[in-house]
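The letters A, B, C, D and E name the chains in turn, as written, and every chain counts its residues from 1.
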Amino acid sequence: ADEAPLTVFAAASLKGALDTVASDYAATGRAAPRVAYAATSALARQIEQGAPADVFLSADSAWMDTLQNANLVEPATRHDLLRNTLVLVAPADAGTPAFALGDAGAWTGALAGGRLAVARVDGVPAGRYARAALLHLGVWSTLEESLAQTDDVRQALMFVARGEAPLGIVYRTDALAEPKVRELAAFPAASHAAIVYPVAAVKRSDAHRDTAAFLAYLQGDAAAAVFREAGFDLAR
Amino acid sequence: MSAVFDIDVSLARGDFRRQVQVQSDARVLALTGVSGAGKTSLLQAIAGLLRPRAGRIAVAGRTLFDSAERIDLPAHRRHIGFVFQDARLFPHLAVRANLGYGARFAKDRTPRFAFDDVVALLGIAPLLARRTVNLSGGEAQRVAIGRALLSQPDLLLLDEPLASLDQARREELIPYLQRVRDDSGLPMIYVSHVADEVRRMADTVLALDAALR
Amino acid sequence: MTLSPGELEAIALSLKVALVAAFASLPFGIAAGWLLARARFPGKSVLDALVHLPLVLPPVVIGYALLVTFGARGSVGMWLQQTFGITLAFKWTGAALASAIMGFPLLVRAIRLAFEAIDPKLEQAAATLGANAPWRFVTVSLPLAWPGIVAGLVLAFAKALGEFGATITFVSAIPGETQTLSAAIYGLMQVPGGEDAIWRLAIVAIAISFAAILASEWLARRQRGRREA
Amino acid sequence: MTLSPGELEAIALSLKVALVAAFASLPFGIAAGWLLARARFPGKSVLDALVHLPLVLPPVVIGYALLVTFGARGSVGMWLQQTFGITLAFKWTGAALASAIMGFPLLVRAIRLAFEAIDPKLEQAAATLGANAPWRFVTVSLPLAWPGIVAGLVLAFAKALGEFGATITFVSAIPGETQTLSAAIYGLMQVPGGEDAIWRLAIVAIAISFAAILASEWLARRQRGRREA
Amino acid sequence: MSAVFDIDVSLARGDFRRQVQVQSDARVLALTGVSGAGKTSLLQAIAGLLRPRAGRIAVAGRTLFDSAERIDLPAHRRHIGFVFQDARLFPHLAVRANLGYGARFAKDRTPRFAFDDVVALLGIAPLLARRTVNLSGGEAQRVAIGRALLSQPDLLLLDEPLASLDQARREELIPYLQRVRDDSGLPMIYVSHVADEVRRMADTVLALDAALR
């Protein structure tokens, strides 16, 4: 496996920041890794089926747990790399005022008959966090009928950016990257499970010689700066 | 008044070229000539299925085509019954529906031919419910003749209509076609290779010589 | 095999969306198929390429283009809303539109091939019998192209059942409104351990399309029988 | 319009995958099209339904089924690997397989319609001249079905260009190996502000398919010209 | 030894049914009968294109079909040249390739007919490079006759082969077909409605009466 470049499987939502990290890493004189982006679920299933991935960067813990239970990742290398924050966004030009997230009436008023864009609440991690938060805040039953669910956070973001949906729940990293939306409020950390991006080396018969180095680089200061810039919090 | 057939056209098709001139007061004009002489092509030009390079086609005082005057009546408004060398029945329609096809476009025209008469004379009554692919060659051709007549045309073009019929049917049909000619005053152009047929059907015989290439 | 109310809802919605998509696009498919098979006009290749677009681009791109055009803020979407009161955004009608567009290349190609296979001599014969162009089309070309049209309909219907990339990008997945069978299946793929439910729904989708195929074979055989038997 | 090396790589890979997918599935498409058009055998409807499956199910389901079957741990995948040394998992060959399967219904339907349109009387004439069934097929049926076969190839090729749902699920989107144009476009949709790059790549995909359509029109016209002009 | 034609079959097609019995030592057997009598169907049964319901077909001592013995030679191994009522030329092949089609399957057979001779006699030399859709009806039929001969058959079936030819060509071809019969000893079945043709071509005339339905 030495001649093949280091292969990283990463959740699609990491693409912006991780592309920069990977090229910075290559600039330090190491062989550039190749990064395959897809939905966390697709990547995890592929690793279950023997994908030639050396490193897995998941967008949630559940799939990483599944792999760990199946003894497919190196437990010693697993750790939570990044954290994210769930925020409520509105179109930048809409002038929607901020409101208390626990106030059902305020939600209805702000939606004004429109829809709340959110990733799939029964599948995609961002959607699962969003549902937990809305349940915790006691507004789920009010909003359940008004959801517009999407395949990933980006599509939810796009609905808000294009003004199709007056409100959306996305990660702070997405809100920062999209100038056409404005963050109205952040959901309290206690309202949902911690949003973490675990990373681990995939168990292989002959580990790539750069795996450890890349994992180390991900945790280093240079990578941290890039991730912070994109809006992530560091988990360590 | 001009002649019944007043035709002067130059035909072109692939590298086939020919000039045809016909001026005739015949009721039934027979067209003979060797294979490839252009008989079918001339009929097609008259029916509006082949556009001549230039010239003029008038039948019974009606100008169907005139390149100088930019007249070119579309085929469906020429009211010309065409019995093709191959029957060309509609495969998705039963025999009865094939026969009736032209009727709906002929509603406001004088009905010269009645459905039952035509069916009886062509002996196709037992075939009415049949599918056209099941017909023998001669059966198909008889249906095609009937279909053309029932569109109530002003002019009938027959391209070797009896070639695939047996002698008995042939004998049966010729008098009928003669009667059509005499009773209805319908002009006809009759293509055939059979000298006897031509003699009995036509007033005038036009022989197309082999095309100059 | 029991299905939850939510699943039944998704199935019913899928049927509605797929049927509407297939039949509503049929007139356009016949028109495009006819033009490509018989007409000669400048820009024919461009029309051909345009018809193929939904195949060539990833469904999400088509979905995004639909959103930009037919969304509540899209130029055409706003016009439709104001002029006819038609809303596509976040509605099942939008899902039908997305499915129709994704299936359009399949519909058109089948119909086009059918028109190309018709002997123009039969249309000529119809002309000498007095039929003008529209009548020839309705009484000769269309019935003769029938098997190809049915084939195209089945393809479009099947495609509409399977479509979800463009649909979800355009109208999201709203249970009971735009969450079709395929969208539901895809959602289940995202959680660990959803396999049982996935296969259950997949079997429903397969059964529906099998029924559609059997129905179409029957239709085509009846027509062929009429001609040959 | 300049393209980055990574984009050029994705374009070249897409071309390779789409061409291999279209042409490698052609023999199977011809066989299936022929069987469905002409043969009578029990289970014909089942074959028909099977061929339609990739349309009916969401691409990710097909991709997942491929992953489980042809993956490195899959039964068929392991057998292929051990017996022939063929690896599909996470290789461009796997991307070609996924694209071929997704395009198969389109390929088969076009070819089937073409075979159905051939007059069996011509095959009979060939038989009386001494041609046995395989010869009749090669010298009469196949050339007469040619326009439909070309049409099917174009559809399969176009579909292979646009395919990514099954591909990304089966073989992931590994740059240089399995990341095709469509997968790259999808990736770009994940980054805000990626619109420029998306449209750039979309235009490339459209240009490629336009070229394929023009080529196919030319091929079909040449053949038709041979018959009619 | 059995007769040249030793046929006793019952044919069925749609709701058409008939029993045909032929025992004849004729070289050229003419087949006449009204349209729909089953002439074409009988030829198809002999050529292996229509499977009889039961019976036996033997020609020149060779059994082609025997329902009792379960013999049913496929069409391509019967070596029977068939000139169809419609020409049935291959539309994707030029005239030359149509003529040559059977040659590759006849390599190990005695070549009775040479390409150039056939082309000259049928007067189709100017057509060799043509596409078949451009041929007139008679041109197409001449090519079809040539194509059948060049497959070097043991038996020739002609289904109204001259019906679409002009009188001159007809006169020209009949002696040639007579020569084929006399020189090659090739048995032939000749379907025609034209009494004169039948008289000149055939030793024996078999009239199929109208089918009992």
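In this section, contacts are C-beta pairs under 8 Å (C-beta built on N, C-alpha and C of every residue); 3 or more make two chains touch, one makes a residue touch a chain.
The UniProt protein names, listed by chain, are B, E = Molybdate transport system ATP-binding protein; C, D = Molybdenum transport system permease.
Small disclaimer: the values here were computed from a predicted structure and weren't measured.
S.K.: List every chain that touches both subunit A and subunit C.
M.R.: D
S.K.: What's the farthest chain from subunit C if centres are computed as the mean of the Cα atoms?
M.R.: E
S.K.: Taking each chain's centre as the mean position of its Cα atoms, how many Å separate subunit B from subunit E?
M.R.: Centres of subunit B and subunit E (C-alpha means) sit 30 Å apart.
S.K.: Need the CA-centroid distance for the pair subunit C / subunit D, whole Å please.
M.R.: It comes to 20 Å between the two C-alpha centres.
S.K.: If you average the Cα atoms of subunit D and of subunit E to get two centres, how far apart are those centres in Å?
M.R.: It comes to 45 Å between the two C-alpha centres.
S.K.: So how far apart, in whole Å, are subunit A and subunit B when each is placed at the average of its C-alpha atoms?
M.R.: So the centre of subunit A lies 78 Å away from the centre of subunit B.
S.K.: Where in subunit D do residues touch two or more of the other chains?
M.R.: Expected reply: 60, 64, 189, 229.
S.K.: So which bits of subunit B are touching at least two other chains?
M.R.: Only 14, 86 qualify.
S.K.: Give the residues of subunit A that touch two or more other chains, as numbers and ranges in rising order.
M.R.: 42
S.K.: Check the chains against each other and report every pair that touches.
M.R.: Contacting pairs: A-C, A-D, B-C, B-E, C-D, D-E.
S.K.: Could you list, by residue number, the parts of subunit D that touch subunit E in their complex?
M.R.: Counting only subunit D, the residues touching subunit E are 121-122, 124-133, 135-136, 139-140, 143-144, 146, 223, 226-229.
S.K.: Along subunit A, where are the residues that touch subunit D in the complex?
M.R.: 7, 9, 12-13, 15-16, 34-38, 42-43, 45-46, 48-53, 152, 154, 157, 161, 174, 177-178
S.K.: Quick check on the complex: what are the subunit C residues that touch subunit A?
M.R.: 64, 67-68, 71-73, 89-90, 168-169, 172-174, 179, 186-192
S.K.: Residues of subunit E touching subunit B in their complex?
M.R.: Listed in rising order, the residues are 13-14, 32-36, 40, 85-86, 126, 134-139, 142, 160, 163-170, 193-195.
S.K.: Any idea which subunit B residues touch subunit C in the complex?
M.R.: Contacts found on subunit B: 47-49, 74-82, 84, 86, 88, 90-92, 101-102, 105-106, 131, 133, 147-148, 151.
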